[in-house]
Amino acid sequence: MFVAEIIGTVVATEKDPNLLGITLLIVQPLDEERLPKGSPIVAADTVGIGVGELGLCTGGREAAMALPKPFVPVDCAVVGIVDNLDVEREKIS
Amino acid sequence: MFVAEIIGTVVATEKDPNLLGITLLIVQPLDEERLPKGSPIVAADTVGIGVGELGLCTGGREAAMALPKPFVPVDCAVVGIVDNLDVEREKIS
Amino acid sequence: MFVAEIIGTVVATEKDPNLLGITLLIVQPLDEERLPKGSPIVAADTVGIGVGELGLCTGGREAAMALPKPFVPVDCAVVGIVDNLDVEREKIS
Amino acid sequence: MFVAEIIGTVVATEKDPNLLGITLLIVQPLDEERLPKGSPIVAADTVGIGVGELGLCTGGREAAMALPKPFVPVDCAVVGIVDNLDVEREKIS
Amino acid sequence: MFVAEIIGTVVATEKDPNLLGITLLIVQPLDEERLPKGSPIVAADTVGIGVGELGLCTGGREAAMALPKPFVPVDCAVVGIVDNLDVEREKIS
């Protein structure tokens, strides 16, 4: 799983029927210091998160487990709203 | 999930019987500014998208969920036609 | 699977109901010489590991197999506490 | 999915019983201009492809869907013989 | 799938009950010329391979298919002992 900032949405009118009603978010993965890591990807919202908030994201087959119907073509979902990243120990080196 | 531009097709006469009738697209993944990200891959079409259009792509086991028969050897599918990428918040740094 | 040092936790109050009660750890993947490899990710704890300890982590769909309920949106889990990395043969080149 | 040139085979006498009779190919992934992309990996043959031919490869859990028994430890398979890559639109750059 | 040299083992006393009795190997992925590719990872042994030997490794959900119990938190397994890599055609460029 990874933490990402929500930076926008994808608008797609024609799509798989199982995606109807699912908000497609553009999310920027962050590292443990909240700095961007790699480039943004698209994730399905499952918690009602908004732009500017930090989301906990799950990838792969597991992402769909957070949706009402688990057999949908979704490979990344926001499954939590992050309140805090608590790094107790400094990263090595 | 990711957004990609459709740039071509793959022609394969001999193939797994479960792939018969499925259009195999060459898709170029894009970033949130619609610039190419990495090199093109092959994805199954599920929405009737054409070359030059932007598709929403799903990878992994979930891709096959968008096909009529879900137990097929497909690991990437175009599951939506993207109308717009709405980046409300600027990417950090 | 990979070995990672536990460096912190993620606090997320609003989340998927299946994640309630699961500790979300920030883990730093390490190489065979215990040096950091890539940047930290988030993993579910299944063994009661603490910050500063080395965990054996499993990714993908298999991660959820270590949780009480296997159909949860988790794609990485700590499934063991590493006592030792026993590299008997030197890495080539 | 991706396109790869078949460049060799792996010989493994002792192996999982479910792999008996499956040809293990060394495949070099190619980009849309048929140039090598990354380094070769090992894929199971499901279409009777030969060295020097271009194969359509599927990764992950889906690869096993192309084999007679789907519950085998195979994570990449050649599922088609590529006749042509038809890039209609130039890659954005 | 990929070929890797077995370079050591991971010792983890406290672990998921489904991992008991499974040897956890440290494996160094190799390219087609038997040179190291990336850094070592951890894989479950299913064929009784030893340090210094070359193993055929499978990743993802498929890895667990080679274990006695398929619903275990393992995402990489050694599923064969490699006798030879037979590269018949030179790698392009």
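In this document, chain identifiers A, B, C, D and E correspond to the written order of the chains, with residue numbering beginning at 1 in each.
To be clear about the criterion, a residue touches a chain if its C-beta (ideal position, glycine included) is under 8 Å from a C-beta of that chain, and two chains touch if they have at least 3 such contacts.
All of these numbers come straight from a predicted model, not from anything done at the bench.
> Averaging only over C-alpha atoms, locate the centres of subunit B and subunit E and give their separation in whole Å.
Spacing between the chain centres: roughly 31 Å.
> Averaging over Cα atoms per chain, report the distance between subunit B and subunit D in Å.
Roughly 19 Å, centre to centre.
> Which residues of subunit E are in contact with two or more other chains?
Residue numbers touching two or more other chains: 60-61, 63.
> Between the chains shown, work out who touches whom and classify the graph as line, ring, star, complete or other.
Shape of the chain contacts: a ring, since each chain touches exactly two and the loop closes.
> Could you read off the chains around the ring in order, subunit C leading and subunit E following?
Putting subunit C first and subunit E second, the full ring order comes out as C, E, D, B, A.
> Mind pulling up the subunit C residues that touch subunit A in the complex?
Residues 5-16, 18-19, 24, 26, 28, 30, 34-36, 39-44, 51-52, 60-61, 63-64, 71-76 of subunit C touch subunit A in their complex.
> Could you list, by residue number, the parts of subunit D that touch subunit B in their complex?
These residues of subunit D touch subunit B: 1-3, 31-32, 37, 46-48, 56, 58-63, 65-66, 70, 77, 79-93.
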